[in-house]
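First chain written, first letter: the chains are A, B, C, D, E, F, G and H, and each begins at residue 1.
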């Protein structure tokens, strides 16, 4: 795993080259477009996700799980974090179902997808602003929900603090929380659980 | 109106007596049990609500509205604030419908009441913890929602701050917010709107 | 409605084109100058407000209300938020009266306008810094006041927090609050009330 | 000067006795009822103010000023801080005018007193909740205003923080601020200015 | 489940009696000693844990899991939260291993227990003060860690905020966080995972 | 007075031209270099202070005071705020003494200037970081001290919050505080006092 | 070492008895008066300090150092923390010089003691309110200063936060900081340094 | 010492030139690349550290200590602060051992270096995110640990606040803390101690 933020393109290229030599699988998060461009040239099978600022290189195939992780967002602005989560989950060999833009302001959109939601073994639920989606989803299933607050919003959203507090104080049982915008971390845990 | 908090029982009795003489209608909020006991003895028609720490004396009858204010709470711990709101609304001559303990962890309880919710002219929605109920209710109606955060909760609820921020950053349109635990203030506005 | 912040010009153009085809009315908030330029070319009747970072396209005429919403600001720096509010209100078919730069440091300016203030059916009051204008206006009328804190100010204004707290703790009854800089949200509610 | 908070009655009695011996003038702030009772017995001319939790003993007469300090409060709950301020100012030989409960929710009450307000050489303005009174008073006079936030209020008042921020970010010139509930400190400064 | 905080003893007795009649299993958290005393008299098989302020009544036996949940605390002051977690986990039929007072100031105590730690299917790690224990434990295992910050500590611990922030920003992968002092919530999730 | 921040150069030029015509004295704060350049061309007697981001135009001479305001800074980084204060004070006709870079880390530098400090009628004391200079200066004189916290510093200085809190809680009497970086506001008050 | 806060008297007695048996030296901090009474009866040589809520039992004599630790407080209200620090330092065999109530409001009191201050090998400087004393002391010596913020103060002191921030942002070099009210921790470090 | 932040390149060159003339040793912190380039041309023996944004010029040789300061970081992103600390320590004549990227997520890397850690006379431990490394290191040695929180991290790291609170509330004795990112300050203290 490489946390690319704050590193130079040259530095990233160096680390990737070294890991490729060792035959390791590589996941790079918080990568800029320049980094993604540079990495693409290093290997034929790089999976790049511009939206999620993430890339993955799988030198050793991992068997896909049958059960899946549902990755759900409240709005369209949460999608970058969701893509970081989704690519991470897939990198670790998990089947993923994406349900984006199903926030609680129009709760029927959520109910339309209830079968996909209930079919998941574990759920990653991502929301900014008031961050209430995990509470609602958690009330619909009896599975672990990993909640990810995002820094989406303005004013009293305080860069994700409103969503973070909302998720921590959720009145629904079965919800645990990771750091603001931490899509990678949420899927890392979800993958552990999905593979049990 | 009398804000009783921080005043003595004797002080309250004095204010009430003076207002009774003038023939005014009287509403007292944040009253202790001792204050309620004392006030009951001053007039035969005192409406006392222990749960809501509130009393009202109506010397001049106000005509009841046909339209009603729905007062909705997420949990049972929010009921004291809801009763402050309900008694206030009734004091000002509004018809009130109470819907308590219909929080988003079990959203079906909310949907069971959809007719009462949609029938209101204006809604006061009260919630502690993550304070997400106004967002969900606001998505179900096309009426003004006055949201009241409560100080219910512990830890990251920070005495109502989590609920307050959640309500201010709601992704649902049509929601405005009053101070933490301010049931009176919410109904004061709701009454203005209901009587239009 | 389109919340333009964080989207690309191309994305906005796509959404607008699709909505135009469906014959819908369109309101776009938090639009950059580039977005406004691009949208102007898509339809002959686009209402663009640079100051308010907002545009509207009305394909289906809405009848104007007789009653009006007063939109009041404390200073000149609050005008962008006020224009977002005003264009929103007009888009929904409301008559609007603008009263700008009538803050409490020179309270006579406010009193000079008392007839316009008292004539409104509902008021949107917008202020940064200490955010005290809604309290004063609320004391002058018996109508609902929707208060909008702005991020105007420096130092202990903390990006709108001082104004937000001031409005939430107002000693005047009849005031409810929306998120910092949320002119759109305030007028959405005011429009609901004005049309009753 | 003695800051009595956190000291024992015996300790206070000891300090007062020692200062009496030296022939000094004595001012004690934040004194409990027990302390006031105890101090009364130590000297025939003790000025005790229960509301303001303050006492003063003047062994050396100070000449009263002709000019006066106006001490103004927004509500009745701010009176304890105001009395601390008033007794302090009088102790230092200043003439004082008290204007209590003239908050901005009903601004006419303030205008009724405009002559007393404009006649002062310096003003101490005390308010809790949103703390907007100093801004309004400051706009009415061309004299220094010492603003005192109080811890009066609940919820988003955060023990005086809302009032403090409001006063610091006031859009009126001529206002400086002291610590929350610091009536003594405000009058200490006001006295320096009034005696110039 | 019953969240007892803020309820009366009579209220609790009523709820328990009703649930007993229905033949349900009952778990009561945040119960005072008086509540525990009262509940003991209602049923012969009440499991009471004074330290954890929790009781459980199992009318329908649940089969114990073979795999276990490790419940680990940094200090002795974290034990009440740990007991809430442990009794909750056992109530849901999980085998539990308690490892208390193995904080990072003396990290060898933690290493002495490495077999028990590595043998768990999921871990609940509880810490106040700087809340660093989950990071260290998470680095020793490849299993999901549910981290619980506690309100233990003084000064800059800010009632659990320091621990909460520490856990959210942990540099170890595989850690998710619940609300301050929420032992029940952590074990609810851990139980879901342990039973997979 | 013109608060230039957030305005355009053209806007500033327009306001200045209009005020010049009316024969008024003009003070412009928070002006950029471009604004200062533009204003210089509008009048032969513009006083420009690049460091203080401030300009003044005096069309009607004001008589200089005999007594003076001491303007004191802790460090060299506080000088921009100090120059805003100094130019403001001089604009209003006050004699000013500047004492810069005499912070408490080397307190002897402060004592070397004790005569200038004690000779002032009122003092403006400016400091960032821990903001302790006003406390020390206040202990050396029996005159009103107007304290200005600055946003100088990093980390736990939190943009001036550390200095602000330090000044508000000063154990020295005679200190009142204005907003972070508000050199203008401090001198406005100091001028009122100096001219008494 | 025993951190007594939150433990029962019986629990403390048990721990002390067990440690006495092992022949260990014992230091108990944050002890209530009841605990101190109870511990006194367990051993003839208990050192009890009511003010500092601390006791020590030395079964194995430690040689006193020649160099000394200066323990300095700003006010009298800081003395409890100072006594915790002083007893701790002495318990570890350090010579201690106490300089209490020498805060910066009257800086001459500090200068009167300059020889004792400069003679120390390391200094523990304790202050509440604005917490500026360490900065001033640090400017007078070329020795490590361990700064202890205290929770003394009200309003914007925020339970020690103002002092904590002030000490962290001190413009004087050579100062490091411990937790609010942590007299024990400061002396633990000072003892390490003094014994080098 | 020169704190370069916020100064111009020309200003820095002037200060350095003046100090060179006086024959003084010079240390410049928070220097930009441009400043480093400019300073290099002023003297043949400038020590420049790009990573640490620091330069030193030693005109008078200082004898190197035998004992050493260990400078330890949790991650690679903390290295800039660590280099500021290391160059500072060396400038003052201390022998330094650098141990970088030995954070607690993989605690074995720390144990591999236990001899270097235990051999130090004093330690500077630098960490961002949850800031737990000083607690672990402090538990391994009986030497003073100076902890430096860094602004490394995102979301709930809040620019170093999470690390700062974690270090202040550490359950390990012997740790004191400096401001966020203050590598210079930590080494200044460590040097005092190392030279005893």
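Basically, contacts are C-beta pairs under 8 Å (C-beta built on N, C-alpha and C of every residue); 3 or more make two chains touch, one makes a residue touch a chain.
Because the structure is predicted, anything quoted here is derived from the model rather than measured.
Taken together, chain A and chain G share the touching chains E, H. Among the other chains, the CA centroid farthest from that of chain E is the one of F. On a Cα centroid basis, the chain most remote from chain D in this structure is A. Set against one another, D-G and A-E show the most C-beta pairs in contact at A-E. Taking the options B-D, D-G or D-F in turn, the interface that duplicates G-H in more than half of its contact pairs by residue number is D-F. Both copies, chain D and chain F, contribute mostly matching positions to the interface they share, with over half of the numbers common to the two.
Mean C-alpha position of chain B lies 36 Å from that of chain E. For the pair chain A and chain B, the distance between C-alpha centroids works out to 40 Å. Shared contact sites, meaning residues of chain E that touch two or more other chains, fall at 155-157, 164, 168-169, 173, 179-180.
Chain E makes touch with chain H in their complex at residues 74-75, 103-107, 129-132, 135-136, 138-140, 153, 155-158, 161-173.
By the touch criterion stated above, chain F contacts chain H in their complex at residues 77, 152, 154-157.
Residues of chain B touching chain C in their complex: 1, 121, 142-144, 146, 164, 168-169, 173-180, 184-186, 188-189, 192-193, 196.
By the touch criterion given at the top, residues 5-6, 149, 151, 159-160, 164, 179-182 of chain E touch chain B in their complex.
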